[in-house]
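Order as written gives the chain letters A, B, C and D; numbering starts at 1 within each chain.
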Amino acid sequence: MANLGFIGLGVMGGQMVNRLIGKGHTVTGYNRTRSKAQPLVDRGMKWADSPRAVAAAADVTFAMVTNSAALGTIAEGPDGVLAGLSKGKVFVDMSTVSPNVSRSLAAKVREKGADMVDAPVSGSVITLQEGKLSVMVGGRRETFERLKPVLQDIGPKVTYVGDNGLALSMKIAINLSLATQMMAFSEGVLLAEKSGIAREIAVDVLMHSAVASPMIQYRGPFVLQQPDEAWFDVNMMQKDMLLALEMGRQLDVPLPTTAVSNEFLTAARGMGLAKRDFAVVFDVLARLSGVSK
Amino acid sequence: MANLGFIGLGVMGGQMVNRLIGKGHTVTGYNRTRSKAQPLVDRGMKWADSPRAVAAAADVTFAMVTNSAALGTIAEGPDGVLAGLSKGKVFVDMSTVSPNVSRSLAAKVREKGADMVDAPVSGSVITLQEGKLSVMVGGRRETFERLKPVLQDIGPKVTYVGDNGLALSMKIAINLSLATQMMAFSEGVLLAEKSGIAREIAVDVLMHSAVASPMIQYRGPFVLQQPDEAWFDVNMMQKDMLLALEMGRQLDVPLPTTAVSNEFLTAARGMGLAKRDFAVVFDVLARLSGVSK
Amino acid sequence: MANLGFIGLGVMGGQMVNRLIGKGHTVTGYNRTRSKAQPLVDRGMKWADSPRAVAAAADVTFAMVTNSAALGTIAEGPDGVLAGLSKGKVFVDMSTVSPNVSRSLAAKVREKGADMVDAPVSGSVITLQEGKLSVMVGGRRETFERLKPVLQDIGPKVTYVGDNGLALSMKIAINLSLATQMMAFSEGVLLAEKSGIAREIAVDVLMHSAVASPMIQYRGPFVLQQPDEAWFDVNMMQKDMLLALEMGRQLDVPLPTTAVSNEFLTAARGMGLAKRDFAVVFDVLARLSGVSK
Amino acid sequence: MANLGFIGLGVMGGQMVNRLIGKGHTVTGYNRTRSKAQPLVDRGMKWADSPRAVAAAADVTFAMVTNSAALGTIAEGPDGVLAGLSKGKVFVDMSTVSPNVSRSLAAKVREKGADMVDAPVSGSVITLQEGKLSVMVGGRRETFERLKPVLQDIGPKVTYVGDNGLALSMKIAINLSLATQMMAFSEGVLLAEKSGIAREIAVDVLMHSAVASPMIQYRGPFVLQQPDEAWFDVNMMQKDMLLALEMGRQLDVPLPTTAVSNEFLTAARGMGLAKRDFAVVFDVLARLSGVSK
């Protein structure tokens, strides 16, 4: 069993630690707000007072934080991960940040004699709980091979995609489909509804059809009742879409359905829905169709 | 066990008959080309010489043919289904035709004292073989209830969506997502590829991600190697898209991602790819990205 | 000076007759509602009691009616244009109908020994009054050459585009730009307005910029105050867009900006604005931007 | 008559100086490459050795340079415009830079006791020569009033749009229509061409139609023969489009036709056409239509 560390014990990170403890690994954890970590400590997780302390205690340290700024906060400074890393250790960043930010941090990690991979995931907490999460890994292949058994305890689907940063590029390439699939789904539901089919039935049928991706299966019910709390809000989705569109321009890849879907996220913002789950594009389209909510 | 009939023994229809025989039902079948029916006859299917003969022999007659014209051919005339129907019998049309064509035929069926439902499916032969097919049903609810056990032997997911024609509307509402999901998938693969990720890996990761609908799981590999024979070609896909766009205009539902995706199907035609599987929109986008095939 | 006939004395047709009389031509006219013709009779136009009577009296008979149905009404039957045509006469249809409808009628005209051209115009009553109208002509070249001097009295820009029906194809190819230019104009005005520029100023500047087509110059002020009566309403515009999109599919020409703009016309319908001038797409976009009207 | 300065004597700037001299103004000029200025010196322009010297000599100094970097070069440093400005003088920047860059520079100009306006133009050299240029002005109204007579000698259409930077916002709001109008024009030409109308005729008719903006009148002929040297290349156009799309997101204005058109500029890049005039989107669409060049 491995000697692991985990920084960032939010909903997703916490569940991952749960699984790792369940598989018999030793886990030392840290979170900005300690209270959220208590249930994990009760299950056997060791608490550390700083990211540095986690990295010092563990052979392999995972992080799962919100964005580039949060990654900088846990990585840099006297209490940061970098200060705790040393020869032979590995830092696994599962956060969704820009590929370039990740590559810069990897270079600093290597100056310490340690190594780093980017390992974003595709899926939600539910996917994780169902044991169906997919983990993508960017970095050195030998480091990937070393990490593979532990990542499979989270995964189970684990794929090496290439050099540092490329797992993040891959994640962005996945996420651009999220908004577009949600738009097409909304178009289908509204077309069925205005044909005379009850909305609940349209959603149910679509959720069992050839187009029912896991994302559609999670978010399908949202068009019946938008959730009070967003899983992934319009602003967050649009941040990923803009990363995709920017990459498209740099790499000369036209992204027509991504571009159109993105403008409907902008419309959601214009209608005051920026903090709602991005499934709210259904409501934007419903209003354009004259369908009352 | 039920006394069934089946007209149209192509790949999909033939597999359905197989399943129905396997469940212990009696099946009388007819196909334009008799030779295709021989394996089913060997398994116990009774052969009839005309659609009329099938309808006369069976309590419930299924049909699965290519389009409205083919449906007219098997339904009308001295040897047609209508001529064989009588009080208490049911005609189940599983073909994808326009909702209005289906409603007209249902009216004629009722003049005979029989009843009709439209029952298109979402999924492919593989879905059927895996026992995951979804059947939608439009027509009278009491007729649906009577048919339900037999449809579940095909299905198993069977959903009553409403009056005659509405199951076809629902099918069109599903299909509009097919082309759009394929476009977004193509955008993602090309973005990953031009970032430096091998195409095979990008496809593999996407096929295990939150956007991996059954359709993406079937067609994902096509971007590595387009199939020699189309499963559903550009022209067939575009026919469904045009039905969707036409409904959108009549019902005042804007379909922005459907409309954009449809123009890329037109581009596939312009590039001489009309007879290829609609997954060929990847090739259209690849050419625009300067990616050689 | 020529001996002319004119059927359809609406706003556009009436002004054309005015110009033709002003140039010294003899004009015999007919209109469904006679009262509208009185001012023209006062100016010297001869009144005829039927389309047939017009065609019988004139060497060259013009028509300017609403759609294919109206064209059928004035052309066919015992009182129709066809009944009045004979060897050597010419029928000039300026209505916007489908190219195929026009070609069918031309064939019937030729059976009478007469000839026909389609001659739709690009521009509005104002363009006509300013003497800047553009007339496109489809049919036999020798007939065009014969008509040219008279058409220039309406025009003055007169262009022979090819065989019968092609002038109508050309007109549709022009009209698809109308909705798209209006969409782009609306996007620009809203962007300027939300930047802090007064809407009136934004409109004024755009109307004097490199993108200020005659259409923008007419309709620009509509975003400040939509007209009570549509010049060309959403339904009429969408009919032309659908003709364009249908031609695009038949001829394998992708029309991406046309397709997207068309969905916003559908949105206008969904929002109950079908009878407003198509410039109302500005209001659709304004609502999506959270700009109050 | 006014005592003016002009920095940046390229094609556009040179023609402006020509006009100003023709109107009787005194003009002191500077250009990075002196040789280009010789014809103007021959016509009476005074030469200065640096931007600073121009600003020191003139009451009102104009600049017309390529981008933000070039503006920085002429404005800052010991030989820059800022070093030559003093109380009561005015700096008029006609370059297309980002609104924020312009506002920053204006603040520095005011620290010198001088004032600055942004005054971008809409139109080309031909528009200028025809005396139809439109000048937009952002800054203090009293400064605008003082400058107005001189700007009208360039213009003649001169419009005050609001505070500093807003004339640049207005310019971006205009430019987003350029690419979209060119796309719609290309769609129309190809539709006409594949209907059977000669491309030259289709272009000619469109150039005299209701959609013939000045931009279409300049670039229409480019679809017959793309120019060897771009007037405004794909990369330059896309830079303006990205500024527009970025503003759209910040201000919550959906820009659907802009977004779609932008992806076709990306396609032009993917096809190796980045340095061609942006009218080359016609060629992209032609290739998708199977039309050989």
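The working rule: a residue touches a chain if its C-beta (ideal position, glycine included) is under 8 Å from a C-beta of that chain, and two chains touch if they have at least 3 such contacts.
Treat the numbers as computed from the prediction; the structure is a model and nothing was measured.
When the C-beta contacts at A-C and at A-B are tallied, the pair with the greater total is A-B.
Between the CA-based centres of chain A and chain B the separation comes to 35 Å, rounded to the whole angstrom. Measuring from the averaged C-alpha position of chain B to that of chain C gives a distance of 43 Å. With centres taken as mean Cα positions, chain C sits 54 Å from chain A.
Annotation for chain C: residues 248, 252-256, 260, 264, 267, 270, 288-290 touch two or more other chains. Contacts between chains leave no pair untouched here, as each chain touches all the others.
Listing the residues of chain B that touch chain C in their complex gives 238, 242, 248-249, 252-256, 259-260, 262-264, 266-267, 269-270.
Within the complex, the chain A residues that touch chain B are 99, 122-124, 127, 134, 136, 157, 159-163, 166, 169-170, 172-174, 176-178, 180-181, 183-185, 187-192, 194-198, 201-202, 204-206, 208-216, 218, 244, 247-248, 251-258, 260-261, 264, 285, 288-290. Residues of chain D that touch chain B in their complex: 256, 260, 267, 270-272, 284, 287-291.
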